[in-house]
Amino acid sequence: MVNPILLIIAPLSAAFIIPLMGYGLKRIVKFIPPLVMGFNLVVSLSLAPKVIKNPIIVFLGGFPPPFGINLYVGPLGILFSCVISLVGFIVSIYALNYIKQGAEQKYHALYLLLLTGATGIVLTGDIFNLFVFYEILCISSYALVGYTGEKAGIESASKYLIQGSLGSSLILIAIALLYGKFGTLNMADMASRIDSVHTMELFFPLVLFITGMGVESAIFPLNAWLPDAHSSAPSTISAILSGIAIKIGIYALCRVIFTIFGATDILQFLMLLGLVTLLVGEFSAFSQDNIKRMLAYSSTGQIGLIVFAMGVGTQYGISGGLFQFTTHALSKSLLFLTTGYMIYRAGSMKISALEGMGKKMPLTSVAFTIGAFSLIGLPPFIGFPSKFMIVYSVLARQSGLYIVFLALVLAGTVIEGAYFFKVIQAIYFKGERKDDRAKEAPLSALIPVIILVLLIIGIGIYPKVLTSILDSSAAELLDRIGYIKEALK
Amino acid sequence: MDFLNNYIFYIGAFGLIFIGLYILLTRKNLIKLIIGLSIVDTGVNLLIICMGYLKNGTAPIFSRKGLNPETMVDPTPQALVLTSIVIGVAVLAMALSLAIRLYQHYGTLDMRKIKEQKW
Amino acid sequence: MRKIFSLIILIILALGVYICISEIPFGKPGTAVGNYYIEKGIEETGAVNIVTSIVLNYRGFDTLGEVTILFLASLGLGAILATVQNKTRGVITPPSLILTTACRFLFPFILMFGAYIFLHGHLTPGGGFQGGAIIASGFLLRYLGCPQKRIRQSSFVAIESLGGIAFIIIGLLGFTAGGFFLFNFLPKGVANTLLSAGIIPLIYIAIGLKVGAEMAGIIDTLIEES
Amino acid sequence: MVTVMKILEIIVSPLVALIVGIFFLGLFRKMMARIQWRYGPPLIQPVIDLVRLFNQRGFSHGAVFDLGIILSLAGALVLVLFIPIGGMCPLANSGGLLVILYVMLFAPIGIALSGGEGANPNISIGISRKLILTLSYEVPFIFIILSLMSYYQTISIVEIVKAQAHYHWSLFSPLFLSGVAYFMILPAMLGIRPFDMASAPQEISSGIDVEYGGKYLAFSQIEHALSLFIVIALFVNLFLGGGNLPVFLLKMLAVFVCGVFIHASFPRFRIEQATKYLWFWPTIISFISLIVIQLIR
Amino acid sequence: MLIQSILIIAFGGAFLTYILGKASSALRDFLAVLISVSLTVLIFLAYGKTGEIAFASFMNLPLVLRINHLSWFFAIAIQTVTTLSVIFSLSYMKGKERVDFYYLMMLLCNSAMLGIVLSGDFVSFYIFWEIMSWSAFLLISYNRGGALYAGMKYIVMSIIGSMCMLIGIMSLYSTYGTLNIREIHDLISTASGEYLLFISILFLAAFGVKSALWPIHVWLPPAHSEAPSPFSAVLSSILIKMGIYGFVLILYVISGAALYLGLGGGSFRYILTLLAAITIIIPTFNALMQDDAKRLLAWSSIAQIGYIILGISIGTSLGLIGGLFHFFNHVAFKALLFLAVGAIEYRTGTRDLNSLGGLIKKMPVTFIAVLAGTFGLIGIPLTNGFVSKWLIYKTLILNNHPFLAFAALVGTWGTILYSYKLIHNIFLGQLPENLEHTKPAPASMKLPFIILSVVIVLFGILPGIPLKLINLITASLGFDLLNINIWGIASESGPLNIINIFAAFAVALIVVWFFFLISGKKVVISQDNSYAAGIDVPKGKYHYTVDFYNPMFRMIKPYFRDYMDEFYSQLVKALASLSDRVRRLYCGDLGVYVIYIVLFLSILVISKIGLNLW
């Protein structure tokens, strides 16, 4: 059996090795991330069937929790780790040719560290360890957003840093307060001591957690960094940030709310929060003329949708939310990757600059279209089953208020459809490109795009491949007692 | 008085945090904001340490025989605070490097003037 | 306006803090976990400094993350500051001979002190991070005292990476030996002696060197910029 | 026997319509002359005209020019078969009033198609006016028809005539208002003043007839005569209770004379004025009538 | 097996055509025609079959295909029109860009529509529905320029509709635990009235958008007029009919007539019929005012949809038969008209009614096609439109809906006006000089014209052929069988007997024709040799078809704007400005962002401590 610890150790050690590679080995540096992420993908996939039956608990240093740190490799963790390594793998292939500016070597190391952080967060069973990995994720994001040293990137990175660090500090305060209250850092142990969140002193850490993690997961009033950072980072980084990083924030939030606090009474509020995030995101994207900023705002909207689905709080709803997470990770990274080369060829991020790309870059354009369709939730793409599940789960609650919420959510989807179709029209049916500079993206960029397209269509047609892991993931989130039992066995 | 006695450290810790937050909320110079962030960090570190405080406690080091384990303070927060400090240092370094580059680009660090990335 | 508004917000927050804090006893006797560490620490890890045993053994994984964060900071710093095209360094007035000499004189001692700190991490207060910081302060002193002298960045980088890799390798050795990552597989030795506590001193050496190099590298990069 | 009678009816009723229609045309001119203190042409003048026209040379602009006029005349002839003429109604059970409404379309459409091929500006104007006028008077007309059908609960015109024979004329029933409205739109349906803008000789050289000569004009005249007959016959059937042939024809004559007086005493509307008028009073009255019918049913 | 193979051939063929198109355009054209024709044959073979088959599963829901008379009726209409459009496209699309893409989307849209009518559960229904929506969107936008706006309008409205449908479907699923149409029909009789109303309103929105019911019709005119003409034919004659299919499905297949008539105390039916009546009148007058041939036809499509919905929603056997028959007729004549206008656009390069004219001599077959189409559209006796309209009127009058009948009848007279305008402005009147060298439509265009014209006249004279099938459909929906013979319908309250009318017409025509032949000579003269009260009619200087109904426009134009369109534009504008406001939340000032974070925290604190919200 493969030990899940390798999922964290492999990219980490690769990141440590990269700076060692001197001038002679510099050329092969860029092949390390795909290799490592490919390895991670294989490991995650091979673990998945076992984990669905029984979660794997890994003791680090040989000490049982709550005394040592443990990894809790449940279905949820493996689902996230699969998606992380998948998207990481695909984006790193794309980066082979795409990343040419700046400190190339450092880019790859930072990239691997970002994914390490993400994987660490989803696998760990210790709240402070989660915080540490959370910081790895955040700091590497700051660095990656600004690493080109361009004006926009630096500005966004510094704003991101201030907000993100403030959020982290809030999380740390919450951890300190919880430690003061319970004297333990293990999530399962903590969960077993929290009977309910109705007491006032417990609610304050919860609020701190929501706010702190909300910054990274881009919940509405806390997401001001997102459009800046996503639009000014290189496209590969935008893809990773949008596809992975913010979802990890959601994961952390869900862990805290569902597993540690079991705070079911906050779920309706969470739903509202998701709804507002969705609407604000979609509205902001609606009249954007910068394509990457538009995609970034759309990410906000999608986060809103995921949070909304999580807030439904039923097994089906959470499955839907997780499905939507997968959808968004695949589709949004596809969108960012395709726009990456379009922008590169067009020399501008304006939507009007992409006009007529459908002819010059046919495959890329088709891929963009498919990504957009999928995000809107049109069949037969992956977005449809996820939307299907979310809608069903909301309606299954049989409540008038929920139907109103749902109507607003779907209104958001309509707005999303409107601006995506606008871009598709611009790409295909507007303007003629005379310049010969615009040509199809290189093979290294097309391969990941094609993989993503195949996945999007494949899962869209046959969503069953995901249902079992989604269902057990949702069960893991809902079944606090089971989690505690497994972790403290 | 009793309250002060019992809570003086908390007050100190949260006092620092609030001072930091106040700086973050009202200042516009990036360097000052970073300082504010550091102050918040310091406050949090202090808070973590407070959590393990024991009256008349000793350091959790068995450097000589005869130390009473009962009077030792909780060692965990101290381990945590070590990590937390290092993280603070890392963030600070990143922030400063970004500030340097920002100044090179804009010639100012006034964050109310640096808003090219908006809407 | 903004100030008053901020104050109002903060007062509300303070209210929340007050309600929360009033329930958390201050200066209470240790927690179950803490007590466990104090009671079993020496026995299980061989380090008399319980904090060290927690940092490197019970919660060693945190420390790996911590090291990673520092590594990340230096990487990020390098990435962000590396791409500057024209590094215009200000005119440097050569320092006086006394200053230079004193710095050169002090430098090895500082290094030695730093080494002492991280070598004795499991016995006395201190450890790899603290020692590393002291070592870096030595480099800082040299930069301040003799600004013309520079140390090759690549050597820092090599030490950083090697330190990190060493940490991981030790962890993996533990994995092969005991089945757990970061398992303390070496003999614990007699408590309160230098050669005790299994892998803890080894890791601390790696960390100490690594942190020293990293901090020095950060200082170096920042000085180069300004 | 029944079949023979049927065939006889099919042959006779168009003939009756033709004779009566042409007689009305002659009467029309004679009466107008008398009203205007002239002697006027003899009653038989239209027949003379027709014979003359059939022998003259006609000018054609193309296939549709011919086809349209044939279509319109055929349509008028068919329509006659749907209308009870004093007890004769050859096609009584083929769809009733609804079919009549539709078959009424043939004549204007045929004329319009034919005229369209003529490419004469006067024709275009005439057709446009004619169609607009049709749309204008159809609005109250449909209300009237609907009132009738929903009052008698049938779509068959024969049934309506029968029902009137049993009780009393529709004009003196709750359908009174409908009758009034029908009477108000009758001049428009007949194409006489004040609604003769489609064939205004002084303005647009008789509009749609301008390119017709010889047999074309003759066909057009016959069609005109038939439609005169049809419109009046419809009114008589629907509101004045039909009756056997002599009574029926007398009733028709009475209505026709009223129409001539209206023609003589009014100047011509402009087409907008006509539409405004038709969409105002007749529409309101017929609408009220329909509501009344709905209420009493 | 037959149903699956139909769908597999349809979808596979679409993609195969695209791939083949990359290699050879002739081969692609051939394949496209081959696939459409073979699909037509296959569907034809499926006549009379009924059955249900689960072919896959989606999220633990079985996806079911189902065929019965209703499905077959719609499927054959869809496939015929697509086949004819594809044949038409052979010459229409020659030399245009992205022809592969065009055929792909055309066939994909066709496959999706087949899927819709053949699906036996709501998941597959929805999936096919959405595929149809987006493939149609891509084709509507194909022509660039104004088409972009049209496509945008179309897709946004259709997404709104399908979101409503999604809620409806999922609500059904969450209530009954199944999405199989048959099973839902069995279960739905237990539903409460309010719930049923809720579901029906949701579906009404979804299908109303697609079928362009009045207040939500605004996407249709631009979309129909801007799409490539063969696809306009598909759009107008079948794509919008998917909404009709949906109505039949939800009102009769799911709810059943009894349940439907009692919905909301009958008010649902009342509102639906009222909307249908409005849908007839307003678009008819809007069509009158159009100067673009396709836009005129587009408005006319909306009006005809009004008739269909009116017939269907009235809830009687006769009405449903009339509605379904009118659906079928509208398929025939609207496809014909759009294709004909396409041919004219293809030959002359314009479809502006004010710059055409006199083409009758140049394109006689097209003229006959348009004539047949408009006659059907108006409902001239002996065309199929007459029979269906007659059925609808009759049921309206005999069931005491005089005001609805009024709307329907007035709509017909409006139809005459715009139909005549269409014929007159294109084919009659003077021939402009620049069109003197217009060539007749190519053979591949004539073929569809002829087929569809024959269909129109054939089913107008022998309405019993389709009516028998439609009668079977209505019988399967729980209505009584009517007494239908090949010439019409026999009933006490006014029968319809086409043979009488046909015979009378034939005789009258022959008689008149005879007189025409034997009476005086005729001289054929040129068009320009006309009399204008002594004034020369200058050639080429005037175009008498401009502003054909100007007097009327002067009156009605101030009142007959497309208010709904303006309303929606205002709404979109408001949304855009709102979105701009929302965007300004992200003002770029870091201090404000920090305030957001801390403020959010304190609001959370207040909401718990002060208000105890959760």
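Just so it is clear, A, B, C, D and E label the chains in written order, and each chain counts residues from 1 on its own.
One rule holds in what follows: a residue touches a chain if its C-beta (ideal position, glycine included) is under 8 Å from a C-beta of that chain, and two chains touch if they have at least 3 such contacts.
Source: prediction; values computed, not measured.
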Hopping only between chains that touch, the fewest steps from subunit A to subunit B number 1
In contact with subunit A and subunit E alike are the chains B, C
Could you work out how many touching-chain steps separate subunit C from subunit D at minimum? 2
Determine which two chains are connected by the greatest number of contacting C-beta pairs. D-E
Taking each chain's centre as the mean of its C-alpha atoms, give the chain farthest from subunit A. D
Which chain has its C-alpha centroid farthest away from the centroid of subunit C? D
So what's the Cα centroid distance for subunit D and subunit E, whole Å? 36
I'd like to verify one number: the distance from the centre of subunit A to the centre of subunit C, where each centre is the average of its C-alpha atoms, in whole angstrom. 30
Using mean C-alpha positions as chain centres, tell me how far subunit A is from subunit D in Å, no decimals. 77
I'd like to verify one number: the distance from the centre of subunit B to the centre of subunit C, where each centre is the average of its C-alpha atoms, in whole angstrom. 16
Two or more partner chains touched - positions in subunit E: 583, 586, 590-591, 594-595, 598-599, 601, 605, 608-609
Junction residues of subunit A, two or more chains touched: 128, 132, 135, 139, 142-143, 146, 149, 154, 157-159, 162, 166, 177, 179-180, 183, 185, 200, 203-204, 207, 227-228, 284
Note: subunit D residues in touch with at least two other chains are none
All pairs of touching chains? A-B, A-C, A-E, B-C, B-E, C-E, D-E
Subunit C partner contacts - residues on subunit B that touch it in the complex: 6-7, 9-10, 14, 18, 21-22, 25-26, 50-55, 59-63, 69-70, 72-76, 78-80, 82-83, 85-87, 89-91, 93-94, 96-98, 100-101, 104
Seen from subunit B, its contact residues with subunit A in the complex are 17, 24, 30, 33-34, 37, 40-41, 44, 47-48, 50-51, 74, 76-77, 80, 83-84, 87, 90-91, 94-95, 98-99, 101-102, 105-106, 111, 114, 116-119
Per the touch rule, the subunit A residues reaching subunit C in their complex are 3, 5, 9, 12-13, 15-20, 58-63, 66-69, 101-103, 106-107, 109-110, 113, 116, 120, 124, 126, 128-129, 132-133, 135-136, 139-140, 142-143, 146-149, 154, 157, 177, 179-185, 199-205, 207
Along subunit E, where are the residues that touch subunit A in the complex? 57-60, 123, 126-127, 130-131, 133-134, 137-138, 141-144, 147-148, 151-152, 155-156, 159-160, 163, 166-167, 170-171, 173-174, 575-576, 578-580, 582-583, 585-586, 590, 592-594, 596-597, 599-601, 604-605, 608-609, 613-614
Of subunit C, residues touching subunit E in the complex: 2, 5-6, 9-10, 12-13, 15-16, 19
